[in-house]
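Two complexes are shown next, each including chain A; its partner changes from chain B in the first to chain C in the second.
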Partner chain A sequence: MNIVESVVTQIQGLSSSATDIAALHTYLKQADESLHTESARLLPFLDHLDPSIHSLGYLYILDACTSGPISEEQAKTLVLIFARFITSCVAEQIRLASDKFVSVCKRFKDQVMLLKAPMQGVAAMLSAVRKLQSSSAHLTTLHPEFLQLCLLSKSYKTGLSVLEDDIFEVDQPRDLFLYCYYGGMMCIGQKRFQKALELLHNVVTAPMSSINAIAVEAYKKYILVSLIHQGQFSTSLPKYASSAAQRNLKNFCQPYIELANSYSTGKIAELETYVQTSREKFESDNNLGLVKQVLSSMYKRNIQRLTQTYLTLSLQDIANTVQLNSPKEAEMHVLQMIQDGEIYATINQKDGMVRFLEDPEQYKTCEMIKHIDSSIQRMMELSKKLTTMDELMSCDPLYLAKAGRERQRFDFDDFDTVPQKFNI
Partner chain B sequence: MPFLTVLVSSELKSLQFSRIRERDMKPMQMDFFADMEEQGSTVAMDVDDVDPLEIFGEGVINVDNKLADADFFNNFEDDFDDSDIN
Partner chain C sequence: MEADDEIYANGGDGPSRNRPIISGEQLDIEAYAGLYTGRTKITRLLFISDHCDNPPMQLEALRMAYDEIKKGENTQLFREVVQKIDGRLGPNYAMDSAWCETVDRRAEQRKERLENELNAYRTNLIKESIRMGYNDFGDFYYAHGALGDAFKSYVRTRDYCTTSKHIIHMCMSAILVSIEMGQFTHVTSYVSKAEQTPEALDPITIAKLRCAAGLAHLEAKKYKLAARKFLEVAPELGNSYTEVIAPQDVATYGGLCALASFERTELKNKVIDNLNFRNFLELVPEVRELIHDFYSSHYASCLDYLGNLKANLLLDIHLHDHVETLYDQIRNKALIQYTHPFVSVDLNMMANAFKTSVAGLEKELEALITDNQIQARIDSHNKILYARHADQRNATFQRVLQTGSEFDRDVRAMLLRANLIKHEYNLRASRKL
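Our next item is the complex of A and B:
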């Protein structure tokens, strides 16, 4: 019996109990190199295995037989084999060889990209993420791969399901950068601008020893989303942002900073001129769509400003003040803003008058109380989590060694109630 | 509010010195007094001006224009143009 048949027999015989799986794993690690040398003839042997029972063995053989270059023609067949394996494999088995599982999943992603069919990979990749995670708080290296497929196939809602998880454990820093950047884009696609800002903010302020391209692109979108959602942008980064980011990010995003400066004047004509001048730059960054949203948000800001001064105003006056082309355009903007909850108003179409109203929310409904209560509960949970993480980090030898090296032995508070000289 | 991993590490870096003071790592009484006699004056540690990341050896600034992870995938269609919808 040659090595491949021998491996298949072992897989079939040792996949039923945890003890058997452990023994199989040891065997497969030793046989891995031999499997790779036989890669050309391995594919048919997969038919002798059931991925939902022999997951670990299937993984090793699938990895070995797909490790070389794959043509588009081969990808059409392999994609189905990969998807079937990923969706039916047993999580406990594949976690024993997580690196191999990650390689196989990335190869699967490459194949759906080769076939220009990212949608084909979404469901399987989501399954892969859930199986690889040790908990919902664990960010794996497959998360960004999954989000990338969601973005390419415009499956924004599917991607959002993963973004709802709180992350407390990260495998690689690069995973976090990509996860937050792609996640931010997904939220922009769903117009969840507040969440997009949080995610992009995390990229921009994450620790980095040198300026990172992902952070640069995230900062560009962060500026645009800040303008769209908040009507303003500040160039100062929080104190906990890395010095690499503090000193370098702005240099890579000058056109966006200038856009924000132009926006702050409140003059739509000036902003439009600037956008035209720098259109090519925004287009090459694939940010022109967002820039156009920034432009239309300025009309919204200017209309919102009117609600602070007037109780009623005609559509004509709104159009003139905000520099829209006609009362009809003004009506469309006002209607959209009412629908989005950005202003409270009624439009009398008979006389073309808009009446601005107060926010009707009284904060005393059952729904509001439930909402506030659940927010409080969440804050309490997060606070407990933060305290636990703080305590763990405070005892971490690596952290203590580094912090201890840099501190003075004593500082002023240590001597608070103690006299300078003390005779024992 | 996810990603406390990053937020916590950042917050902790700004709290590092005050936390170390508060923990049970204060020197033994005898050592404390012995060292006091040797010290001419004490100076309150001013940590606010210090970049926490520099203390952790992360402050080597790349002053040229080279970007890390410049090969990351970012080739997405611009799908955010709302004017297509209306």
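Our next item is the complex of A and C:
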């Protein structure tokens, strides 16, 4: 009992300045085990502490008192305590014990899922993520947890706000896989297919020594999204994808690859029959909705191809070429595409004719100039980043050692001169 | 002969002796076969009998083949042709086993004699005699239809050739056998071997080699190269290569391939203004006319001539597989050339010019536009084709923005991957931790 009280007093006393916090941290690390033994009693002590001032201490005690199994009744109160802590804690303090923070947040997430109320956890997790990352380009273990909650609670907009950040640093590769996979799913839900394609592409081409289930599922969705968005799919992965992925991913996604082949023939009837026959496989992967979107995208692609060859075309001809059942259906499709901005056209109902127009964008407006300018700025920043990274790499001793070893094999002119001391 | 664009009516103007043999009319088999000598005559007759659907023509071809084979020593072909005739030509054209036996026996004896002679020469190590011995063997096998062995024998003489003449002789024999066998890769290699001899070749040999090279390219579907080769054949060729190709064929193959693959300037320079080739074209006036019609944009009559010639061209052993492709290419070229100078084209008029329906024409044009061979768009409502020239400025902006976003995506992904690799992240490592 004394231990707990003394811990509380220490926390209250040593939470004001940075040096105090460091000392508190060492003290807490030592006291951690004893705290865990007293876990059942710890809950009321939390009221003595203010999470916005005593974040580090609060964290330790919270971690200790929730380390055991928790019933649903307790979960309801605990969830509120967790949420309050996370939203009000101080970022610098909790970063000192990031592992603990991560496990606390994970437990929070489990509670929220247990109560089947993922919505409650979204806001708190968002602030947790923001506090844990050292910069907006840093991917933490909490990112996928957060995205999972967003997916389950259908709060896509919040999720998307996090996805907008570019990621350059990763703690654990598994986090990246899950993050990109969930992110891809969210973008698909919001019909942002380009970003979904990017995220899924990252999963599929990430370095991996052996393939994992996440990569397989991501590849399946990748095939479907690239059919919807680009109308084509090439089975060869780029060279920088890991050899494990290049060799093995295809074997697990056979029905999808056949779907892509059937799509490339351009015949709707074939595609439909194929989808019908393989319906169960798609359903068991929860991809049936996407597959249906692939089907409708085929009509769109065929109509788009018509805009390249015709200036005007009758609705009857469109229906015939694209293999729709009637001019009315063709009209509906064309109307939908005009509204979505996928083609530029006008429908003349009197004659039953569609007139295809050119893209009205003239690239002369102020907005366009601003857009181009900001793109240029972005490219320049990226280039700078790239050059910095290259320079850092060339100074890295490990790299130089390897390059020095390999030197004998190559011509003298093949790469930059490496200092003598790195020669074997 | 001056540039004389008068169109010859079908059948020609002169005495019937000068009637063009390859024309729109039904093929005169006797005249056609008269163009060739040697084994190719027989092969061509058999091909005609296999591919024509006109029974009297078929029987005529088989009869002539039978007569020709009997003059030679190929019993295998004899048996084949008898089987094909199947008794339809009466008792004179039935199986003559006595003849077969005599020929075979004679062949055995000759073969033995040749072998003995060759062995004698070999022991004596007289180069020239050994070379002639192998040559004789080659000729013997060729006459008896054992083409593979003939080829091998001819090639064996290579080690015993002393002068360029010998090498040329060997190459020409090898080429002849390869063409008969249908192995055109050999043809190409032996043509280049022959052309590499240090001595200057006489013009007839050069012409022969060009014909052989042209045939090889035709077989390989390289129509442009084939056309160029055929167009370079000198008129000195005359009838000196009838064991492979007739001058009429040079004109037909060269003309059609050129039409299908050349651009307008090349067509004018190498075909229409080519004085040498004109001599060949005189032999097949319909081909000459259709080339001129194409160049002067009389597409309807050009396509008419083509249509008429098709039946006979399908009976030619070398051209048979390529007729459809060449015709499609020529037709597409005509369509493209028709639309090229105009800003807008009335599809009804165009359909008349090409003797097709507007709907069919629309489909053809659609295919060409999708293939990016015509830059235009179809106004299906008013049935007009409008030329459409891409807006370079807009296209450039679009491309630039797209390149930018691709760069953005790729660099970010690359930095991410580099970061992963840099910390030596892989699943196994993280499991160990």
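A few notes on this one:
Assume the second predicted complex is superposed on the first by the 398 of 424 C-alpha atoms of A that agree within 3 Å, B and C clash if a C-alpha of one lies under 4 Å from a C-alpha of the other, contacts with A are read in each partner's own complex, and residues count from 1 in each chain.
Quick note on the criterion: a contact is a pair of C-beta atoms (placed from the backbone, for glycine too) under 8 Å apart; a residue touches a chain by one contact, two chains touch by 3 or more.
This structure is a prediction, so every number in the text was calculated from the model and none was measured.
Once the two complexes are overlaid on the shared chain, A:389 sits against chain B and chain C alike. In the superposed pair of complexes, A:279 makes contact with neither chain B nor chain C. Ranked by how many residues of chain A each touches, chain B and chain C are led by B. By the touch criterion defined above, A:247 reaches chain B but does not reach chain C. When the shared chain is aligned, chain C comes close enough to touch A:172, but chain B does not.
In the overlay built on the shared chain, the residue A:363 is in contact with chain C alone; chain B does not reach it. Residue contacts after overlaying the shared chain place A:151 against chain B, while chain C stays out of touching range. Contacts of A:372 after superposition on the shared chain: chain C is touched, whereas chain B is not. Contacts of A:312 after superposition: chain C is touched, whereas chain B is not reached. In the superposed model, A:353 makes contact with chain C only, not with chain B. Common to the chain B and chain C contact sets on chain A are residues 166-170, 174, 176, 198, 202, 205-210, 212, 240, 378, 382, 385-386, 389. By the touch criterion given at the top, residues 1-14, 16-17, 19-21, 23, 26-27, 30, 33, 35-37, 39, 42-45, 51-62, 65-70, 72-74, 76-83 of chain B touch chain A in their complex. Chain A contributes residues 166-170, 172-174, 176, 198, 201-202, 205-210, 212, 240, 305, 308-314, 317, 351, 353, 356, 358-359, 361-363, 371-372, 375-376, 378-379, 382-383, 385-386, 389 to its touches with chain C in the complex.
Of all the residues in chain A, the ones that touch chain B in their complex are 148, 151-152, 154, 163, 165-170, 174, 176-178, 180, 185, 188-189, 198-199, 202, 205-214, 216-217, 239-244, 247-248, 251-252, 283, 286-290, 292-293, 296, 378, 382, 385-386, 389-390, 393-394, 400, 402-404, 406-415, 418, 420-422, 424.
Those residues of chain C that touch chain A in the shared complex are 365-366, 369-370, 377-382, 386, 391, 393-394, 397, 400-401, 404-405, 407-409, 411-421, 423, 425-428, 430.
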